[in-house]
Amino acid sequence: MKRVVAREELCIGCRLCEIHCLVQHSKSKKIIKAFRDERDSIVPGVHVEEKGYVSFALQCRHCNDARCIDACMTGAMRRDPETGAVLCDEDKCVGCWMCIMVCPVGAIQMGADKHVASKCDLCIGAETPACVANCPNEAIVCEETDE
Amino acid sequence: MNRRPYLLIGNSAAGIGAIEGIREKDPVGEITVVCKEPHHTYSRPLISYLLAGKVDESRMPYRPVDYYEKNHVEALLGVEATRVDLGARAVDTSDGCSVPFEKLLIATGGRPIIPRDVEGAEAKGVFTFTTWDDVRRIQEFMEENDVTDALVVGGGLIGLKSVEALSALNVRAVVVELADRLMSVTFDQTASNLAQRALERAGVEVRCGTTVTRIERVHGRVAGALLRDGSKIECRMVILAIGVTPNIDLVQGTEIGADRGIVVDDYMQTSVDGVYAAGDVAQAVDLLGGEKRPIAILPNAYRQGRIAGINMAGGRRSFEGGLAMNAVDICGLPTISVGVTVPNGEDCEVLSNLDEKAPVYRKLVLKGGRIIGAIFVGEIDRAGIVTGLIRDKVEVTGFKDLLLTDGFGLISLPADYRKHVVSGAGIEV
Amino acid sequence: MSRKPDYKDISGCAICGMMSETGALFSGEAIIRSISAMHERSNGLGGGFAAYGIYPEHKDHYALHVMYESEEAKRTASSFIARRLNIHHEETIPTHPIEVIRARPILHRYFVSVKPGELERNYDLSEDDIVVEVVMGINAGIGDAFVFSSGKNMGVFKGVGFPEDIGQFFRLEEYQGYIWTAHGRYPTNTTGWWGGAHPFGLLDWSVVHNGEISSYGINRRYLANFKYHCTLQTDTEVITYIFDLLIRKHGLPMEFACMAMAPPFWAQIERMPEEQREIAKAVRIVYGGALLNGPFSVLVGHSGGMIGLNDRIKLRPMVAARKDDMLFVASEEAAVREICAAPDRLWHAEGGVPIVGELKEGISAGSATPAKDALSVKVTEVS
Amino acid sequence: MRKWLIQPDFVVERDPDRCIQCQVCVRQCANDVHEYDSDEGLVFSDSTECVGCHRCATLCPTNAISIQRAHLEFRPNANWTWGAIRNLYKQAETGGVLLAGMGNDQDFPVYWDRLVLNASQVTNPSIDPLREPMELVTYLGRKPDRVEFARENGSLALATRLEMQLELQVPVMFSAMSYGSISYNASLALARAAKEAGTFANSGEGGLHDDFRQYGSNMIVQIASGRFGVDVDYLNAAGALEIKIGQGAKPGIGGHLPGEKVDAAISATRMIPKGTDALSPSPHHDIYSIEDLRQLIYALKEATRYTKPVSVKIAAVHNVAAIASGCVRAGADIVAIDGFRGGTGAAPTMIRNNVGIPIEFALAAVDSRLREEGIRNQASIVAAGGIRCSADVVKAIALGADAVYIGTAALVAMGCHLCQKCYTGKCNWGIATQDPYLTKRLNPKVATRRLVNLLRAWSLEIKEMMGGMGINAIESLRGNREHLRGVGLTDRELRILDVKAAGE
């Protein structure tokens, strides 16, 4: 399956990943419009953590042994059988935050409306996740794994 | 009759976990599920949302409607397992059949505790609140009786979620809790206060340090309640939410060892070879304490079920131990509690910060340089990282000052651990 | 000479050559017929021949063929020659008046040897070196004089015209040689100048060539390292000097000299057995400046034989044929068939692989009787 | 003290309709040009410190930023130009030597642009490099004049042993750029790219980091006047050695790596204490004459048991041909000539802009001189300093170079925007800096790929140009000035270049 790998020794902390994640998940997919209209209604699935000169982009690891799936009480959190991605079905999610509680990397957030969980969906449907495609330093890369 | 390779009793998180665990190892072996409840597998915690009208019945299924079919599962729903015959390696069912098995999982879950010392608890309008059918009964009753006020007995998770649902239905609700605070098992006083405030803001009346002693009846229907402190509560309905206890009836009198729950080893196997137990019924090892005790939470149930399933299908996966934790949204106030949230000895250290206004409350309980418990109220976004630190028993002394800061994240952790976590599933950072 | 060009000469050409490996002598009639079969490859602006074994009576003396534009140049050059060389015999080169051959220069030949004193004074030079110095001295230094042949027992005959006319003009049917090469020229940018016709000769090297060496600039500068001064701006001159440098001065075996000029590709070298690879690598690395790049087919004559060589990607035509002791090389098959209707073997030269005709060991020119049927022409027996 | 007479070089303009206040520019500018005002919720720019590196504009996801030359105009004056006046202000304020990075940026003629190349038409065929082999393999090193053979058991065997040669798949090498002047990642990328492309990277005078030793066979290590990082292992780790006498950007001047850049890794690599300035003296204090050079060359050859070619790098100065000849006669196997456009991390501006001669002339003079002396075979010539494109490479080789060094072009391939502020250590592109915030910006994998791509692209172009000339081996181009013609050059320039005028 496809995995997004973040390389902290290369992350330059520009946060273009967050920006393009937001755009990718906006209705218009046009950056200026997305920021004008939807900036506050989308929580990017990728988040850059920074401390001193160390920084890295973090998004859902789509773990093989995904605790968020274990913990999800509604069955909203599930693994996409085709891509192996861990996805949150926002129609099923009721915002119990179990997933947030168990995610060891802290990659699941409350959605902007605080009603459902929000996380990286690997830009399902796009050829390359937006964070990967737009990282200017290839600090976020897509790798195929055997699993 | 053919011997069923896998027989699962129970159709909730642990049972489903087992199906998925088995299917990881054995894509074809026939699985039979027996469940007393007639429903397609559904999300038990969702019942409060269903009652509140926040979700409709179509959203109740825990797994898609074609789930059994796709996973080659024969689901005998509405059929209760009545007896385990270990000699014959078969389970008798309420429809008069006997289902032989190779591997058996008992995931019969918990059973609501009915207080014995409450007078009038048999009255119409007194409900427990753990199943879909409970919701239907309550809804039916409320409709018939035009219920506008209700009493919820128990200020724990189920109690709060039910009272939240009632208040969403504009029912004036009172919650009574015997302990001195809400969520007494998982919250400390501060968190309880914040939870109480959130409930009160939603119109719920909270009465702690007392309990109901008698339910007043008129024509066999609930007409009010008398509390131990002598006060009376006007209510037309009572929900008993004192807690659940493992439903171990099925193994009573068999060789399957039980204590408070069915005792299992690290592989979720009971004292009897080939017989497993998982979920709220199981008494498995506690990650922090090391002793075996039932931990009735959904993540635990699913995980135990899955591990049991893997082992039933010939794999060998051990359970790292249960960790008590809960995430509850209380009338819009997100909360998370993990592990030991109130210091249990003098060698504990507490780190906390509180912003009453926001409100945001974070608290960590440390022992021996490791986090053993945490509470997050209001802001919960990176809580899972702390859960991970608790589960992995990470020495945090070196960076404990960062744990409660706003910018806390993986980046605050030592590089080795951070990379270990991120690469947990074979991913390089 | 006033018409010595100062820009690069570019021309298309026909070439052919034939030799008896047993040293049998035959007249120039055949080579004229052969080259004339490729009439269309020339445009009348240059033709020429080289012949080996033609001066048996002077075979120990260098035969200098010189063209002059003026009597004064002739006087200057003659005295320049006489300064370092003994002139044993000199004469006008006999010609036959041909109507189409016009504006011919004064054509003169000298049979010379190096004065003993010269050798003593220049102990680091050989006789050949001194002759070369004299030739270069005239060609670079005396405007209206040009030495176009300087070998022993051989001669270059060339001029402006179609080669068959030039052959007749020089009365080549009257000479007997064991190697003959010929050239018909198709210059694209120079009006004909007699000195610019081919073959080019230096000592007993004679070169006829068809092609355009795109490496000319560096070949020429490379030769300058070794004191060769190219005065003619022709590829042929450069090729001649490279042969002279590699074989006469550096003593490279013929095959490696050819390798230096048309080396295998590095990829081919990589695949060679180790010993061969080391040689090829060394030759390429050291003789990069001698690599002839661009299209060429070249025929080199020398006293010991004749070599045909194609550029390494074979951008020009060259066929070869054998019949008994005879070797034929030509731009076109027709030129071979014209004089040897039924060769034993006829093949197309491979790029970079030399076709080598060698006078059989122990055989000196003219000592053997040629096979009667080797040439479909009359072979004159040595008297 | 406020630099009150100095106005900004650039104006940063932000299109308010396009700016989404994402603050990428704020995070990327090491000069703090951009600032987010959280009260206003807006990003503002102050151009004062803008160096025109385009980092912000390049990363801006909406192309909201444009950078213009400052509009402030002085009264037109052909003598007192804007630059001249600014320099005076600067010096009046600082009392110091003006510093500059990269190469001479003054308006001298670029002779490459006055030379044109040849192509075949009709009389000989051009060669299609996509269909026919086209050879760029180049060997650098001392070559004998002739190859000799000996007869062994009836067959011919090679009697000449060639001295060690550097084999280049493409006649383009990476110039000396020290680890210290450029970042670890930049150095790593150069070394890796050299290996991948089959060419050489030059360590510069900064020693060889342990991590780079694995690329040693594709590295030329420098022995400069400071002798930083030089020991016998250093020498033996490399494919070739280079004695750096001079540098085109600053002939006659030493080097200075400020102590703040000498971190633990650089200190270990240079073999100097952490935090101390790395000072390279102007001359080698053991080379005051050509015979001293010979001693050092042979000392190095001895130390490496004659297994490595020794290069001598000199700046192109007035008498370069004679100097080069002296180097060859002193034993140099390669002479690298660095023209006055050659880059640097830091040089006094006056030196950079006024000392030295164009590489085109230096190269032509050296090649001709060595040929005149009959010693051209004894050393390879590497031309450096201002090679910008494959056509420059072809022209340099046609003028007589065996190969070229590229420095600035390689840096630009990695992302350098030629802001000329290398000496500040605040390279926003992560190249000429040791600041860990900034060095991360150069992903060595990406940089390697870009460098390899560059060499690949140039190779293809060189092959196309050669094919057009009807040449299929680079040695037939080398020194082949017949394929060059001058346009707009004086007779004297043509004569020095030994190139004919177009039309001749």
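First chain written, first letter: the chains are A, B, C and D, and each begins at residue 1.
The rule we apply is simple: contacts are C-beta pairs under 8 Å (C-beta built on N, C-alpha and C of every residue); 3 or more make two chains touch, one makes a residue touch a chain.
Just so you know, these numbers come straight off a predicted model, no measurement behind them.
Under the contact definition, chain C and chain D share no contacting chain.
Put simply, the chain nearest the middle, going by average C-alpha positions, is D. With centres set at the average Cα position, the gap from chain B to chain C is 104 Å. Distance from the chain B centre to the chain D centre is 68 Å, each centre being the mean of its Cα atoms.
One simple way to say how far apart two chains are is to compare their mean CA positions; for chain A and chain B this gives 28 Å.
With centres taken as mean Cα positions, chain C sits 79 Å from chain A. Contacts with at least two other chains are made by no residue of chain A.
Taken as a graph of touching chains, this assembly forms an open line, each chain in contact only with its neighbours along the path.
Pairwise chain contacts present here: A-B, A-D, C-D [touch as defined]. Chain contact summary for the complex, chain D toward chain A: residues 17-18, 20-24, 27-28, 58-59, 61-62, 430, 435-437, 440-443, 445-446. Residues of chain A touching chain B in their complex: 3, 5-8, 47, 49-51, 54-56, 58, 61-65, 67, 69-71, 73-75, 91-92, 94-106, 108-110, 114, 145, 147. Residues 7-8, 10-12, 188, 211-212, 214-218, 220-222, 224-227, 249-253, 256, 263, 265-267, 275, 278-279, 281-289, 291-295, 312-313, 315 of chain C are the ones that touch chain D when the two sit in their complex.
Chain B meets chain A in the complex at residues 13, 17, 43-46, 49, 54-55, 59, 61-64, 298-299, 302-303, 306, 325-329, 332, 334, 336, 338, 380-385, 387-388, 391-392, 407, 409-412, 421-422, 424-429.
Chain D meets chain C in the complex at residues 120, 122-125, 127, 132-133, 135, 137, 139, 143-149, 156-158, 160, 162, 165, 371, 374, 376-377, 398, 469-473, 475-483, 504.
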